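First, the structure itself, so that you have it in front of you.
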Amino acid sequence: MPGFDKVVNSYEEAMQGLEDDMTIIAGGFGLCGIPEGCIAQIKKMGTKGLTIVSNNCGVDGFGLGILLEDKQVKKMISSYVGENALFMQQLLDGELEVELTPQGTLAEKMRAAGAGIPAFYTATGYGTLVGEGKDVREFDGRKYILEESIKGDFAIVKGWKADRYGNVIYRHTAQNFNPMAATAGKITVVEVEEIVEPGELDPTQIHTPGIYVDRLIQGTFEKRIEQRTVRDA
Amino acid sequence: MPGFDKVVNSYEEAMQGLEDDMTIIAGGFGLCGIPEGCIAQIKKMGTKGLTIVSNNCGVDGFGLGILLEDKQVKKMISSYVGENALFMQQLLDGELEVELTPQGTLAEKMRAAGAGIPAFYTATGYGTLVGEGKDVREFDGRKYILEESIKGDFAIVKGWKADRYGNVIYRHTAQNFNPMAATAGKITVVEVEEIVEPGELDPTQIHTPGIYVDRLIQGTFEKRIEQRTVRDA
Amino acid sequence: MALSREQMAMRVARELQDGYYVNLGIGIPTLVANYIPDGMEVMLQSENGLLGMGQFPTEDEIDADMINAGKQTVTAITGASIFSSAESFAMIRGGHVDLTVLGAFEVDVEGNIASYMIPGKLVKGMGGAMDLVAGADNIFVLMTHASKHGESKLLTKCTLPLTGAGCIKKVLTDLAYLEIEDGKFHLKERAPGVSVEEIIEKTAGELVVPAEVPEMTF
Amino acid sequence: MALSREQMAMRVARELQDGYYVNLGIGIPTLVANYIPDGMEVMLQSENGLLGMGQFPTEDEIDADMINAGKQTVTAITGASIFSSAESFAMIRGGHVDLTVLGAFEVDVEGNIASYMIPGKLVKGMGGAMDLVAGADNIFVLMTHASKHGESKLLTKCTLPLTGAGCIKKVLTDLAYLEIEDGKFHLKERAPGVSVEEIIEKTAGELVVPAEVPEMTF
């Protein structure tokens, strides 16, 4: 079924159409399950003025952090940005905006965008800075704020395996934000460790059905570990 | 880990605490993936005045349809109720209420209940009877209606396999509404074809994590087929 | 002559593109699957939770756990995915399905559609239809142009309870293919041998007729 | 004497019940896992998407794809489940987690909590903390009773940006266990050898002190 073959053969092709001032939704939590190849390609392209929606912004010199080096990022929408000195510097210098968003709300905003839900109510953030200026409504005696969905011009996603039709599975906790990100891009690019033939993945065990995926590429991954914690054997 | 062993040994135990006038969320689509044993137990208990949230109401003499025989159901919240003569009779006689809810909205209402989302906006039903009396709001130039989540005193769910901790997987399209139903019950009862030991199911392939499941029972299932359609071999 | 059910399906099949994800409603829309052009592949979405619906099973393959939105036993193609109803309607409502084909009782010049309920008759429910018409950009409505009693189904304003408001742009009837824009029906094609006059006569809502109305060929 | 970090963890561990799903925040809350009473089992939820977090891996087991919410490499217990962040926060926001233990900078008599931001200092973000305090019914806040400079952290009104409004009912400090009700702190237990007077002195928000304040034992 060639019409459903999502495989592209280069990151140039994978990120084709990315332009200045676009919004990118990125999967990953910390450095776990991040689309390393797409991020490297964005750096290479030098695209500027980007709004990036991602739980974190990598670390200095790795992950999304490398996009700060050439000041490609205008705004980050994240829940936690604490691991990155360059980030803090650019934030303090006013070169970078940040919109802090609770982690669960961020995940739900991505899911909602993909699911045709323009907004939802959540108790998270009511009465805090996050709730300021947002609609408040009471249900069953409790107050909730209205949060809007968030869609990207691109979504960049890291999977483990995918078939050519773009059916993706994730490995362990590298799943994190990736399945929601995959639904929320006008163009969704998925990079995986292994591309398999259709039929090799169990249909009932697909995490991201191919309908959400526009381009699929096989990459190689450093998978840097942020907090290496071990116990004695 | 005995504290996490959700297995009960009888349907009496599985449905213990069900009382008149309660709300039950039920998985299943048509006769596919329906919690046959729980339904039979409800019939046996004779509980009355029930509000049942389920995409359909079974057929005459099978599935949720059997609860109509002794007039146990006060109200159905469903998207499609067309396969059931007794249902239509009770509806016309004013013995049964029905709240027709679009299928996607119904699925999302269950999910929202489980996910702590009291309400969400959807374009589905705007400008129709479904939207009457509901809040309308515009996002990006399009109008949406506010739909509230729907929680059950009980949720009754049909899985394929589950481990003792209540981690469930579903088989083929018998998944349907079951995973959302499982999240939406104050007490969630799951019946499955096979109970396995923890560790036998791949942690990344669980459809319903055990945290949602209160009681688990192994049952036997007739699995009646509603529309038997075949092609020549 | 008015289009047959098969011709209606054939005409809609021309809207398909290679790689389309398509949801086909019950009835004539289902027949579209029989006329997918050679060398083109589409994947059928069934809203109970199946992407990549295959043909009916053989007696040996039949499986109660494997059904489509019409509750018929089906199979899945190689490379299919199966998921929850919430995920399925996330796809539909989120606009990920490329083409939706469904039947209707009435449509009107505002793009309203009535397809699920005839008051006073049996009330069965909308199933997934309200989500399908609200979620898709590209919807094809298939219906007869007029009732058996000759009453137009293409109206100034729908008389039956709506399935969706302002969401229909393309209508294929047994007599014509029309598009809805600016509060009017626009006649685009006519069935072979059907006169423009007959279409005008059987269209109650405002109809824009161009100088030239191409005849469909099969 | 003020409770040690370990004693604080031990005291919270007494709140555990067999079969509890528990989310433990970074820092002292993490230590609670070391004091689960014998014969009792709890399952740890890590909000990045893991239910059934196990111990740290050995060098051989270490896997970059297997981390917890603190971004530490971890393992999963037998019978764990791993899922998306949306599913993880559905569990949290939906109230399915039985006990949440987390740190704070300040709490006040209205049950407000400030734990993520000190204006003028570095702004790191709330991560999952706002969801955790909004979603759980049963939250234990662990913190020192006063700052190093002796300033109370149990206030009439939080001075720092809030993590959540009106959601805290139970606070364990190094000096005392208190519950929040009716706009007041209620002193329930004191640390061994800590006087009621010291607790009164170091509690800025209104404090209700019963005739008898039991001393914790370890």
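Going by the order they are written in, the chains are A, B, C and D; count residues from 1 in each one.
To be clear about the criterion, a contact is a pair of C-beta atoms (placed from the backbone, for glycine too) under 8 Å apart; a residue touches a chain by one contact, two chains touch by 3 or more.
Since the model is a prediction, treat every value here as computed from it, not as a measurement.
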item: Joint neighbours of chain C and chain A, given as chain labels; value: B
item: B-D or A-D - the one linked by more C-beta pairs in contact; value: A-D
item: For chain B paired with chain C, centre-to-centre distance based on mean C-alpha positions, whole Å; value: 29
item: Where chain A and chain B are represented by their mean Cα positions, the distance between them in whole Å; value: 32
item: Centre distance in Å when chain B and chain D are each reduced to the mean of their C-alpha atoms; value: 35
item: Numbers and ranges of chain C residues touching at least 2 other chains; value: 76, 82-83, 89, 92-93, 134-135
item: Residues within chain B bordering two or more other chains; value: 108, 111, 115-117, 122-123, 171-172, 175, 203-204
item: Complete list of chain pairs which touch one another; value: A-B, A-C, A-D, B-C, B-D
item: Complex contacts: residues of chain C adjacent to chain B; value: 46-50, 55-60, 62-68, 70-74, 76, 82-86, 88-89, 92-93, 112, 117, 122-131, 134-135, 161-166
item: Chain B partner contacts - residues on chain D that touch it in the complex; value: 17-21, 40-43, 45, 51-52, 76, 78-83, 87, 89-97, 134-135
item: Residue numbers on chain A that touch chain D, as the complex places them; value: 29-33, 55, 78-82, 88, 91, 98, 100, 102-108, 110-111, 122-130, 160, 171-180, 207, 223-233
item: Touching residues (chain side chain A, partner chain B) in the complex; value: 108, 112, 115-123, 137, 139-140, 142, 144, 148, 169-172, 175, 203-205
item: Chain A residues within the chain C interface of the complex; value: 1-4, 111, 113-117, 163-165, 167, 183, 198-199, 203-204, 206, 209-212
